[in-house]
């Protein structure tokens, strides 16, 4: 993008070694200019994927979910070969921090950008602009109008809610009353999880759904919800807690009410905090997303788009159920979110 | 030797020598001045990145993007410079920005679904009024209730964000008329983005206000020696309230720009904005002890971290290292500034930070005795 | 004899059970340097604070030009042309000498610009320089912060500032306490020039030689009362010290 607007200064040759932008001439808008970019334009020919650059902009740095996703991105780049990966991200989940990162990445003219947008509207225009020069793949989160993107890849959150109910059914085969503790209403991903859970419970006659309560990231609130719910529904058998704070609070509430072991808690995500909760019995099962898959498939989609091959506009990835028993297995370990690749 | 008795001649000589000061020496003074020094530092950073990555870094569009990313911070930086010059601090501006955006968005939503200027202007007025209200509250608590500014603005930082969440239930509002988004958020005039034009205007107003007006002089004086101001009949409390109100008003303006640019109230965002802005103000040479500061310095002080972040992303430096370098730069810049200023202010060899503190203590003691 | 420009009659002031002033009298005439001396705790500072409007007396009367007045704030005193230089100088260290001189009394531009808060910077600079030079106070750098200047310079700036605004009376609290010999001489000369302009100067000092050198009359305070008033040229250090400590009987003039 904005080819020919760059101004060269002295010692270009020495600086080339550092210049990520060296491969930018292979981006599709520049494909016509073949002279100096002869080697990199082979991407266009579709025979190999040499000298492609992919920038991955995380939702926030240092989060295990996005680290796993980064591992997927790097693995895909390795498997496909010849892909240069750079990873960036804000230190907080903040569109005001992410927007300058997007524009800085744009300046390097990467062939493709994988991004987890921090806000559905704030990143709309910057990404539309970026899409003029790079293939954009939205991973995990999305924007208002993602039509500029090659592909949107995220967990099937409705399916995630259903998976949580599956886990409960395993643990409580006889059925009973079930409760959902969500963070707060209005967040599309967790709303979808709750919806999927509701649908699955209502389809099963042996379970009774007693509703959703909001703990707003406060374990104390979640504990209060559990104790008061137990007053009204003494047959409560299981709780689906959509985040770690809700899960911790739910466990505290169960303890307080003296029904430990009788009420099962299913948590969401599989970062170190959640795994610890599983290990010490705070929760009995975890529903893990597959960030590695999201990252891996994101690169595949980007490369397909660069090669002119068909892409999938929307991909939904699945879930793994982890319990204390499966935690020790290879399969269980693979499902956990990574701290390093 | 301050006073001489029979030296009308000598006096005239002194004056003449000031007037006849050669141009090179005045240029030397300019380079020595704090603002020019950090401009040179910024230019050095630009040169380094340009050499390392000429294609990606050194482009008009890249500098345009850096300028856009500084715009909102610069508007907050002008108000914060005034506050820090009074010897105060403002931690609340990020939350006041968010709150102002929330109020503006709610007002515009309730007026109707109009996308025109009428609705937009109502929203702008609402945002400015909200910012002003928080500023007045900050100023009143600092000046009248005598609560330390750090505590006051830490409190309003939390309160403004909390109230934003109460008003919205924690869900971002996105009501922002098209005219606002198209002309303010993403518009441009002669190729210069509107955000940059607005920020430049505010910075120029800030420079003029601080250097040419009574308001600016008294702001510096209050930060330098509040007791001296009281002695000459300046209403110190009222001056402080005015300064905090001015900063609040600018935070309200920043709220409008934020809403226009992100088309969202970004409730989850701007939690680190206060630190970014204060860092810029301090890198720009404004003393945290008050009394002295420049708005232009703040602008350059905000450009330095923004340019570093941009360049690091372009070079592919790991995000964690970016924080380390920007942090080290902040501390280094302040240390150099402190030692240099200590040397200048006493014209002696006492150049260490320690002696700077020592001097302050001695002055304070003398003032109280 | 003419009327004193400024006079205090029977002033008393207590802080809780501490009685700082018990019926103190004081007077100063135009074009006269009156020194105010006394041991620590004699009530000098309290009297100066009361006469400069910084504090209110519990009892007694203040006369300005023979008329009784009430001083609620320092501004009331300043509006009558009464200025005070306290020991701390009350300079804003980060501002330059001109800014310090005009702080609180800025010259504003006429019309709309003035209403917007714009100052006449060049006029203040020229007037300020003239005021400094009129008093012979050589300020080396009119645009540098006063915090970076020597003690003598700072003292001269503070005194000259007060003198520039004082049309009637100026109080100087220990103006030479922190200065060297040459600088002290400079300040003494400055004080004489202020007197020569017809302004009444009140000098508070511990230094007997300085007082005898520059003052016309010397007022001695002891235990919150004026115990003696002496003509400087007809007294000496021993006599003053005697009056201060109570070893001698003073001549109460009021």
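Think of it as A, B and C in the order they're written, each chain with its own count starting at 1.
Quick note on the criterion: a residue touches a chain if its C-beta (ideal position, glycine included) is under 8 Å from a C-beta of that chain, and two chains touch if they have at least 3 such contacts.
For clarity, every value in this text was computed on a predicted model and none was experimentally measured.
Considering every other chain in turn, none proves to be in contact with both subunit B and subunit C.
Averaging the CA coordinates per chain and comparing them to the mean over all protein CA atoms picks out B as nearest. Each chain gets a centre from the mean of its Cα atoms; for subunit B and subunit C, those two points are 40 Å apart. Averaged C-alpha coordinates give centres for subunit A and subunit C that are 75 Å from one another.
Subunit A and subunit B have centres, each the mean of its CA atoms, that are 37 Å apart. Interface residues of subunit C facing subunit B in the complex, by the touch rule stated above, are 73-75, 78, 86-88, 90-95, 99, 103-106, 108, 116-119, 121, 129, 133, 136-140, 142, 145, 147-150, 152-157, 182-183, 185-187, 189-190. Across the complex, subunit C is touched by residues 1-5, 7-8, 10-11, 14-15, 18, 209, 212-215, 217-218, 220-221, 223-225, 227-229, 231-234, 291-292, 344-347, 363, 366-367, 369 of subunit B. Partner subunit A is touched in their complex by these residues of subunit B: 50-62, 65-66, 68-69, 72, 169-172, 174, 185-186, 258, 261-264, 266, 268-273, 306, 309-311, 313-316, 318-320, 323. Per the touch definition, subunit A reaches subunit B in the complex via residues 2, 5-12, 14-15, 18-22, 24, 61-62, 86-97, 99-101, 103-109, 118-122, 124-125, 184-187, 216.
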